[in-house]
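Quick notes on the structure that follows.
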Amino acid sequence: MWLGLHSPDDAQMAAVATVFDLHELAVEDAVVAHQRPKVEAYGDTLFVVLRTLAYVDHASMAETAEVVSTGEIMIFLGADYVITVRHGEQTELATMRHRMEEVPSALAVGPSVVLHAVADRVVDAYLAVVDEMDTDLAEIETTVFTGPTVDIDPVYLLKREVIEFRRASTPLAAALARLTAPNPWLPDEVRTYLRDVSDHLTTVNDRVMDYDNLLSSMLDAATAKVGIQQNTDMRMITAWAAMAVAPTMIAGIYGMNFENMPELHWRYGYFVVLGLMATICFTLWRTFRKHGWL
Amino acid sequence: MWLGLHSPDDAQMAAVATVFDLHELAVEDAVVAHQRPKVEAYGDTLFVVLRTLAYVDHASMAETAEVVSTGEIMIFLGADYVITVRHGEQTELATMRHRMEEVPSALAVGPSVVLHAVADRVVDAYLAVVDEMDTDLAEIETTVFTGPTVDIDPVYLLKREVIEFRRASTPLAAALARLTAPNPWLPDEVRTYLRDVSDHLTTVNDRVMDYDNLLSSMLDAATAKVGIQQNTDMRMITAWAAMAVAPTMIAGIYGMNFENMPELHWRYGYFVVLGLMATICFTLWRTFRKHGWL
Amino acid sequence: MWLGLHSPDDAQMAAVATVFDLHELAVEDAVVAHQRPKVEAYGDTLFVVLRTLAYVDHASMAETAEVVSTGEIMIFLGADYVITVRHGEQTELATMRHRMEEVPSALAVGPSVVLHAVADRVVDAYLAVVDEMDTDLAEIETTVFTGPTVDIDPVYLLKREVIEFRRASTPLAAALARLTAPNPWLPDEVRTYLRDVSDHLTTVNDRVMDYDNLLSSMLDAATAKVGIQQNTDMRMITAWAAMAVAPTMIAGIYGMNFENMPELHWRYGYFVVLGLMATICFTLWRTFRKHGWL
Amino acid sequence: MWLGLHSPDDAQMAAVATVFDLHELAVEDAVVAHQRPKVEAYGDTLFVVLRTLAYVDHASMAETAEVVSTGEIMIFLGADYVITVRHGEQTELATMRHRMEEVPSALAVGPSVVLHAVADRVVDAYLAVVDEMDTDLAEIETTVFTGPTVDIDPVYLLKREVIEFRRASTPLAAALARLTAPNPWLPDEVRTYLRDVSDHLTTVNDRVMDYDNLLSSMLDAATAKVGIQQNTDMRMITAWAAMAVAPTMIAGIYGMNFENMPELHWRYGYFVVLGLMATICFTLWRTFRKHGWL
Amino acid sequence: MWLGLHSPDDAQMAAVATVFDLHELAVEDAVVAHQRPKVEAYGDTLFVVLRTLAYVDHASMAETAEVVSTGEIMIFLGADYVITVRHGEQTELATMRHRMEEVPSALAVGPSVVLHAVADRVVDAYLAVVDEMDTDLAEIETTVFTGPTVDIDPVYLLKREVIEFRRASTPLAAALARLTAPNPWLPDEVRTYLRDVSDHLTTVNDRVMDYDNLLSSMLDAATAKVGIQQNTDMRMITAWAAMAVAPTMIAGIYGMNFENMPELHWRYGYFVVLGLMATICFTLWRTFRKHGWL
């Protein structure tokens, strides 16, 4: 028997708990959202908490403050029943249920098949989110390393979402390890299939961990890049400034009011000085060019 | 029997120790505050140290140097008695005691019920502090990423408080693990309930660890942001400076005192030069604008 | 019997699976690429996933965005057959197969010999990639520490490739550990040889981990170097600016139009002022030189 | 029997070794200072190495290069004797010995009581050093976050001392764990007391680890702060520079020598221009003020 | 029997392998240099790989790119023979051999004594290198914290050598742990002596790990220091610039050509303006001085 609930309130949950004789602590956990992934055994009943993740679409990394949204699915697994409690809109289960009910043989093994199906679907959703993050990461890399200016906010934003992601997926590894180890609640066949889910989860966790490292390196690289950019700018600015300062200084000298300044009376003094200024500017330009400041 | 003490002095504690035959080392620990969370067995008596945490209200992150205050609760658990020793004003126990004494059945299981009740209350208080920190973190994120200037002090301040928090909550995980494992002091039922407390503590520890990571990333991101801000400022400053330097240079040239400077005698020389200056400034303005320096 | 497949499609794989009675989950993994290295036992069949790596040639670190390309080799090892499934062009197996088939005694031990041969070849390819990375790293070190300007992009790029590399090689260590431990699928002799492969892998993992650390340090060192470079530049710029500003200021003073400025009427006033300017510039030049600003 | 030695030379130690039949390797370790904390069993004899720490007084963090000094105490514990070898002046033992000898009952348990007494005293000295470091850390925090300029040297200096500290205290934890576990050399009572010492050591290690983290964060925060300070300075400098450059540019224009410059002949032209300059400066001042640059 | 080889070629090694019946894989490892430290048992023969380290003398940290050079020593330990194979010139063994052969009793225990002697000598050489690195580190600290300019290259260089060092010494700890644990190849006495070597190695590893941390902190501290230096420079530069800009602006004003500028006709106008300039400069100088910019 498979009972599916969506964001039940206290009263609904209490009714269900009475019928199936569920443990008070598990029921409490099932009503309050924001639980940590875990596996807990209360007598014959297995209580499993999974966190669901969904990618929130956004036009660009800078436009939204939320890349990953989270929900929960709790599963009560008894000898002859399974109860799924879902919080949030992530990882909808109805489609899956219909598909499973069309293949009666699938459910013949017992309610633990549902546990595998749900876990599989949750981890597949993780994988989908990770793929989207991959795209985001590539977009950020392009922005940071080839864009005209470095923008740090998306790096931090994705870092935060990666941490959010890991809060959901990392503890699940330990929970799945408990389920795949020999235990009295799950038949061997289901455990083999859960081991496959566990493998996929490890892949997810590896990739998310890598993103975490990459984003940290990117922050460091961006800091260095900003410094380099500033140095390049400063050199260019300085080069142009030097080309303006030199003529100004010379003009200042010939703007002095001394009575006896022979150059002022030369016929072509002015033109010679203009030429001198142009020569100096050109020489400076060539020198800076040669040293890569321009 | 439940005996509750608040910041007892040596004499009081010695009297209690004599009556209940408490171990010298535990009694010493119970008087001196600033202990580390731990579980220690002295013969039949279980000695448990918990650190209590409370959030210190403050108008803004910059205004106070203390976000989290700490205290201790020590518990002596004997076969037929429980002694709680509280240091500091955090996590008051009286209300809880009254509530428990109104439901006699609750205490029927034995004094270990009090141990669970106290641990539950302490960890619930952790959760409340974490929620407040969440708000602080969001406030700091807003300041760092959208404010007009980056302020680093609140980031460091919260980092320090997070470390303070972890000093209280992290060792408690190991202590609770000892209590939830099969042991001669606690009945199975109490251990099941303590496992629930332990789960909540893990959630708390995960979140605080995440804050720690986020604050580190924020420090790195802020460093990069400051560099970017400086570069942007420098470019804007330079652009305006260039627009002032060019006319100054031209004015300098026509301020020279050469006898033979034909332009000076042209009727509209002055106006042509003024126009030239304006044209140069406008061209520079447009160029800088196009390259995003203005 | 040794069956070698290259990027088989679903139909081909299904046919093979039927013949050899392979487990559904393993077959699914063998078709879909981008698996994580692992060892999985399905009844008598051992299913091993290896990731292959190849170094992508490039003229310089800055020119390409991909230094390491990856593929997969999956191995089904039964009592009397071995099936290798290869995805990607890395680590070609045909040559190795021909060589092995020329020495019939080599294959006499059984199909597990092929497992060792493939693993050995894959890890040898890792070693070759690591050697190439060594060269890249040395090149980057030279660029960062002795080049005229610091370029950050290759550091980040190699860091990313190192992370990619570790995603392939790190999980293989755990997989090999399972194969070298006593197990029912592999004879002792093969296990001894696999231990040698495992040793080589550890060397590879150590070296790649070291690159990771070095690249992180290099990012930090580069950030500091950029700051130092900027400071040096700023000092040099300032020194030259001072040498231009001082004469300009003096020229400005003697460009004032006061009626009573005695110096203006001195015969050699102009020359004295020119000399003063030169002296000031030379003194500044010597002072800056002495303090290492020039 | 309790034999106390202070910085013995080879000959003295050799004599003692002969009398008590001590193991060659332990004797060698006892003569050479700079050992690592450890517990080693040679037959019936237990050989324990402890590192002693003392805080070196200094007027301010910047004035001294050494905040923590280190020494060693080695203990040979036999069935009916204990030999303590002390190197360095830290953690003097004589006072403790006199106190213990006045209470004969204390020593009745056997020589292992001395082991506990020495370990307790050494760890208490750690705690005293940690308290002093706490004060230093608070002083440095004040300097970095509220002082007029950021000074990095004390942060690095304390970081180095923290690392020095951890070299002494961290390995001791493993050594004490060996002594508090059931073992043939120590009676249960002494082990209970050593567990208390071990608890204190854990507190010390936690706190020192926290200092380590805080100092790292402080370095990062200081880097960001320096950048912010520089940006603030640059903005202020720029604002004042703009207020000087604008009048200079205008003055330059009216210093040109064109024959036909109508404004020059206006009666109040000069005063109008002076007023214009003042207005521009005031407008700039107000604008910069409004944007927080001044 | 003790056979010592130095950088043998394939043929020599093959001959030896035939005589002593050595395992193919060990022989292969013994010929190819650049192995990882390890202990491997092939039947009765123990095969041990050690990496040797030597400090490369250099006048200053900046002058050389190589601080530590590495070699290998491989040991084949049979029941009645020991074969040492040495690659590289580090850690010469001949002297040690002569000394051992002069004390026949030393070798009476069996060939495993040689294993201890070699390991002891290798680790002693590590300790010598670490002592030299200590000096280098102190030299770098002095350069970074008290020198006129911060130089980053030696910090990175030593960091790289520390990583090189750890590649040799860290895996040896695991190898030695295998030898000091009870095993069929080594008598108890030799294991006790190897435990002493293992202790020394732990000291070495602790210290090198500390250097690693210190160098990382130094990179961070240097980055912050460079920023501080730049800020200090910028403030000083600005102060002097302000003192040049103010007179220039005033001179510009009195260089204007307005017909009606009363000050120009005052008798002492010029001297009053000169005095004004001097007063402004002095006031600025005093103000900057007071605020610590000069």
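Every chain is named by a letter (A, B, C, D and E) in the order it is written, and numbering of its residues begins at 1.
FYI, contacts are C-beta pairs under 8 Å (C-beta built on N, C-alpha and C of every residue); 3 or more make two chains touch, one makes a residue touch a chain.
None of these values were measured; they are calculated from a predicted model.
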In the contact graph of chains, the distance from chain B to chain C in steps is 2
Between the Cα centroids of chain C and chain D the separation in whole angstrom comes to 36
For the pair chain C and chain E, the C-alpha centroid-to-centroid distance in angstrom is 22
Among all residues of chain D, those touching at least two other chains are 220, 223, 227, 230, 234, 241, 245, 248, 252, 255-257, 261
Ring traversal (chain C first, then chain E) gives C, E, D, B, A
So, in the complex, the side of chain C touching chain E is made of residues 145, 192-193, 195-196, 199, 202-203, 206-207, 210, 213-214, 217-218, 220-221, 223-225, 227-228, 230-232, 234-235, 238, 241-242, 245-246, 248-249, 252-253, 255-261, 292
In the complex, chain E touches chain C at residues 25, 29, 35-36, 38, 40, 42, 148-153, 155-156, 159-160, 163-164, 167, 171, 215-216, 219-220, 222-223, 226-227, 229-230, 233-234, 237, 240-241, 244-245, 247-248, 251-252, 254-257, 261, 263-270, 273-274, 277
